[in-house]
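Here come two complexes built around chain A, the first alongside chain B, the second alongside chain C.
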Partner chain A sequence: MKKKKWFLLFVIACLILTACTEYRVLERISLVTLIGYDVEDGDVTATSVVRQINPEFESSIEIHSETAETSKGTRVKTDLQSAKKLMAGQLRVTLFGDDLAKEGIEEAIHTLAMNSEITTSIYLAVVDGKSKTLLEGQYPNIADVGQHIFNLIDHNINQQQMISSTLHEVVRDIYASFRDFALPKVKKSGEYIDISGIALFKDGKMVGSLPASDSFYVLLIRENINDGTLQLVLPGELAESSKNPPNYQPEELPIAIDAIKTKRDLKIINENEIDLSISLDCRLLEIHSSLAISDKKITEKIEKEINKKIESEIERIIKYSQEVNSDIFGFGEHFYAFTRNSKLTEEKWREIYPNLKVNVKIDTEIIRSGVFE
Partner chain B sequence: MKKTLSISESELINAPLLFFIINACQIGVGIHGFQRLIYQDAKQDAWISVIISFIFAHFIVFIMIKTLEMFPSNDLYGIHQEVFGKFIGNFFNLIYIFYSSFAFLVVLKNYIEVINVWIFPNLSATFLGASLLMIVIYAFNGGFRVLVGICFFSFICTLWVPSILFIPMEYSEISQLLPLFDNHLKDIIKGAYAMTFTIIGFEIINIVYPYVKEKNKVQRYVHLGLFATLLLYLSIMLISLTYFSGPQLEKTIWATLNLFSIIKFPFIERVEIITICLWMIIILPNLCLFAWSTHRGVIRMVNISSKKFIWIFSTVMLIFILFIKSRSQINHINNIFSHFGFVVVFVYPLFIYLMALIRNSFLKRKRTN
Partner chain C sequence: MFKKIQQKILPNEEKPEYNPPKIPVPPLKNDFINELKKIIHSPADLVIRFVTNNITIAFIDGLIETQSLDDNILARFEDTSDETPSTLRERISIPEVNVFDEMIQCIDEMLIGAVLIHINGHPQVVLAKIPSYEKRSLEAPENESQVIGTQVGFNESLNTNITLIRRFITNPNLCNEHFTLGKETRTSVSVLYIHGIVDEKHVNTVRQRIKDLDIVDLIDSAILAELIDDSSSSIFPQTLLTERPDRFCDGLLTGKVGIIVNGSSMGIICPFSFLEFFQSREDQNLRWPIASFIRLLRFAAIIVSIFFTPIYVASLTFHYEVIPQPMLVPLSESRAIVPFPPIIEALFLELVIELLREAGARLPTKVGQTIGIVGGIVIGTAAVQAGITSNILIIIVALGALASFTTPNYMMGNVIRIIRFPIIVLAGFWGYYGIMLAFCFLLIHLLKQSSLGAPYLAPFYPPRLKDWPDSIVRLPLPFISRHSVNSRSRKEIEKSKKKKNTKKQRQNSNLTPENKEKVIE
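Here is the complex of A and B:
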């Protein structure tokens, strides 16, 4: 009996003591929350935002920048600079300078995807300029630039103001044969950081960009959305048709709408033609007070004008993506999925896409217009 | 040694428990990354391969139980000895013993590899193996009924998997399943063949059968258990096919774990790490029952106490783990095992069924003469 007890004690001791094989005490590590990559004469420059937890004081933010041949090499160099072990498990955003983005980020993304320490839910974005200058800039109102950029991207994606760019989605699209990906673009503007647009990629290389105001349309073409606000400028003649025409005759009539529910529908007509119809249920947020929006006729007119306007904007955006030959909307995937024995190859789609005819049809319905007429 | 088993009443189990045994034995390490193996052949129709492989498994299990019914109080080892006589029978027994211990090794090594890659890159495989084997030894010494209890817990532990997988569906693209049936039937069957590594485990019925109280209900519960596994595998396959793009899936080694890695809760950000740790409870019945199955075979040839057996067995397994190191070696072994497993689990039962039929009719004729 006694022997058994000792044996049990031995086993318990073994299990409990050896549980400390790999410990990571929060106070003894520093957390990398954001990494920005740039390219400099063929070498990679990694700028990392590192949060250090200190039990006595507030946690501090440090920014390290190192240049090496591989991204892991920069990590080793950064490790040499910092007093605590660097851990990438809390990484939330990875930025790419636009020089690197133009050169191609496929390899950098491959490295990220290989690492089990990093989740696939981190956001990727492109910087207008160098990510080093963005991160090392002085921002009096921003305490933690890493967390700030993450929140900036995160809330805009959640509100469907910006296309989603998690590592998973980018990896999915990068390896998909008939699809290209797009990333949000961030920019330093004075003492603030803005989302400035959308970067379009082709084969992992940045080939063009769209302004941030177009992101609603890009989302509209890509998927079904249920949020996101859009401002439109409609022609001024609409105001004339109101019951009490306003004293002044505006040349333009700005309005703002908010998508409640949209549904995108693609229909293949033939190899080089596709129908894109989007139904858009929206809420009117802002309109000139003189327009009697409860009048059905006027509402219909407004809807028609909105349709026209959105159609032309979408046509412009699709045309631009065709010019740079970057199929960020996944039309190719649709072609492949809905034609039997299509024998579509990546090269063939690259030839078809610039000349693809897309017939855009928008069907807007204003279903709500606030509490005051 | 003795030809028929004498099992005391207290060691018998009720037939409904077979549901948990079959389910727990099938779900193991294969589920972590079976998607890419099947996708390589069957492309977007991989989910059809899953269904086909299960249809085949249902058929094979039916044959297995038919064979076992001819010898109501004997397991496969006993059947071998009865049908082929002592020497040839023992030869087949050796093969089956080898199969069971090989399966044990593969499950153990694959799980250790997952822990090493995802959580503790520097933790030695020997240490992990030794601590896992400790638990196996502890459970094994509890006897067969304890092992069945572990199977039940393991089933409960897999229940949360499908519910949590609804979260990645936010990123699903249904159109990635289309066009349907665009691949050759040959490729889809090839994909079903690649399921072998993931689907095997139900052959444990060969050994468990004599321990079941209500023999007439065996068919029902074994098929139910298989069907439950099919539902789990099929849902994981469908979610993976829509969540990943094809070439990405081909590059993802553990697609199921990658599915978990996008899930984020306010209280726990890395769900996959919890999942991998919990997976120990899921693979435990695999390990225990394969060890037990080896044990049943060994005692027919050597007189050895179960305690002595499990210590020797664990030591041998630990030594083997030391030799398998790199990812490519593991892949190679998995590959060999899945070919070998296909023969033992899917082809061999047909052969033994035929042999048993011939023997029975031969005996009948002899008796009438």
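Here is the complex of A and C:
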């Protein structure tokens, strides 16, 4: 009986003595869906896209922009403008302006990762220009710019047209000693917003960028993929083996393939040389109709040409990353992981990487050449 | 605290037997009549008739069959002065005729349909039992309806109910033990089980618990079920109350103990596990993939019913982060004009649904349906338009209520509905943490429960793999062991032990195929 009394007391104490949790009723808060950071004379400018819920059964989008020394300071200032409490739990995308990216965004990412309210699956991206101008621009066809940019990045990443840049992955790359991160780059072009390329970072600072058309190759080097479309221009000699050569003699032969399954394999030769072999199972989507793709010999020829083309492109991209000394592909990590008693340090890898010899070998196999209904 | 109450009802020490004072039958005619009238307070329906000079008969009007009285008793009397109780007993041609010499006993028998025949000068009474049972005809069970299966339900007569069971199970091993319960009502109670299938332990427990009962009255089997429960303070029922004889027999055949109370149209089956409350007799009648689908649907419905509204309340109050983006706008727009926090809104709507349900159950049938439908629509639409609730919550609450009605057992359905309220309150105060807390408490409580000492959460805890094919799915009949591990007889336990041992022996010794066969034999 005594035991029961104590238990009852314990339960009542639990109920009464606990503090209240902070109420965050959905319609009584403003939801920040996107934040863009810029730097202005050493201060941070935060531009936030806020979804407001009105009693008139409509929700509207507001854009606030404030400048302060810290990002938290900008939030306080934005709060002063807003009728409802600002909450960042529904944040989907964080953008960084060009200038800020060049100065370094590692601190800003650290702040994001520290906030338990924010999910680690938000996307990070760099803006070509200022994020403020991007967000405050007039887009007649876009109702909610925050949602739009999220969808833009999200579907391209899901279709493996762009490298994935969730907070989780970026933080992982930052914490990994021998790896640099890359972010997608978005750009305002007139009344639309585009993904314009990939920004390469070194020690948290943007050091270079690649065009969006190279993202497939970057993905190919970084990981195994199973989606993504690639357009290639092969030399015109291939057409000689077509059914009626005299009529069709182009200089170039454009084709489109999409990856079904790729497998990347790294093999260390010595500490300055690495083999990168990628097997690419793909589907032929577009090719000139006169080419007899049912002929195995021709297919093999096409495969060979594709290999050559992709190899040269990949070599070019790796060379560029070596020039800016940003190891976004994680070669260093591989070296460190697959060498016994590796004494590799970050500084040492920075010296090795620009001169690293990468032997690229692609093995393409066309599995299907068009599906007819 | 609850144990104390229980102890009041179920005293552990031996209670005094029901021992009324013994009154001998007076030999003289007038003395007998006076004594009889004195004991039963001369009720209006007592009939006393003088057949001849010597013979007096007495019975209660309506409790006996008048046809039988005319044909088999009155017609047999001869106007002789040397008539004795023993000669009379031989002459009356009905199955049950007794001779008693004690008044109280006689009156007890008279009250359940016997005719007292007193012969002047003899200190004995001849009792001829010709009871007539006024009863409802057999009808389809209303509360546990099935699409496929027998369409007959129990009625209020003990004898009819036992007859129904005997029609299903024609087996000499079907045992029927009779008890009389209640000091005032003296209700007949029958405990039924199949010898050889039932676990004797359970029969002993039931017998013991019924014998230990010291109650004044017993009107319905539901009261008896509560009294013999393992824990009457729990919200969960531990014995099944069913009005279907096929379900009752199914219980008996799987080794359970059945109890039938006279005057109640529901039989009790025990021990019963939590999972079995969500199974319907119909599951056995349907093809197994369909039955499995329906069972899974029911279990999904429980989860929806218990946790849907609390999750809504918690998400909107504390965890706006988890709401998917496409849901965000519709949810917040529908909530925008509601002046209350989500917990008040949810509790209000849940209460409205409960009110409608209760009103529907209490109102006369003809009014009930109209009130239910019209009330639901009017309150639902009007509440949204007035801005008291959001329309998404109405969908969620209605879905939860609908889901709770898929539980085949009314008692368990009630529990599923009521248990939501504390969880909603916890969700409104502590968010998902509160829901998890409630879930943990619920699980601990369920794990602690037992039914006649058998684990309540079997076959999942303790894990009894043999019973899994007939748990949340129903596999084809050959996979299902007929006797659940919870309620199997000694004989079977020994048999399974033997099987295990022979298996071990076989593994241990390298036997030739010929020897192997011998071992199996």
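Everything below uses one rule, namely that the second predicted complex is superposed on the first by the 346 of 373 C-alpha atoms of A that agree within 3 Å, B and C clash if a C-alpha of one lies under 4 Å from a C-alpha of the other, contacts with A are read in each partner's own complex, and residues count from 1 in each chain.
Keep in mind that, in the parts below, a residue touches a chain if its C-beta (ideal position, glycine included) is under 8 Å from a C-beta of that chain, and two chains touch if they have at least 3 such contacts.
In this text, all values refer to a predicted model and were calculated from it rather than measured experimentally.
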| item | value |
| --- | --- |
| First (chain B), second (chain C), both or neither touched by A:169 | first |
| Contacts of A:53 with chain B and chain C, given as first, second, both or neither | second |
| Which superposed partner A:89 touches (first chain B, second chain C, both, neither) | both |
| First, second, both or neither for A:24, with chain B first and chain C second | second |
| First, second, both or neither for A:341, with chain B first and chain C second | first |
| Which of chain B and chain C A:80 touches, first, second, both or neither | neither |
| Partner chain(s) touched by A:177 [first = chain B, second = chain C, both, neither] | first |
| Footprint overlap on chain A, where chain B in one structure and chain C in the other make contact | 21-22, 89, 119 |
| Chain C-facing residues of chain A, complex | 4, 20-27, 29, 31, 51, 53-59, 87, 89-90, 92, 117, 119, 147, 150 |
| Contact footprint of chain A on chain C as seen in their complex | 1, 315-321, 323, 325, 328-329, 331-333, 335-338, 341-342, 429-431, 433 |
| Chain B-facing residues of chain A, complex | 11, 15, 18, 21-22, 89, 116, 119-121, 166, 168-169, 171-177, 179, 330, 333-334, 336-342 |
| Chain B to chain A touching residues, read off their complex | 117-118, 120, 122-123, 127, 131, 134, 171, 173, 175-179, 182, 243-248, 251, 258, 261-262, 264, 269-270 |
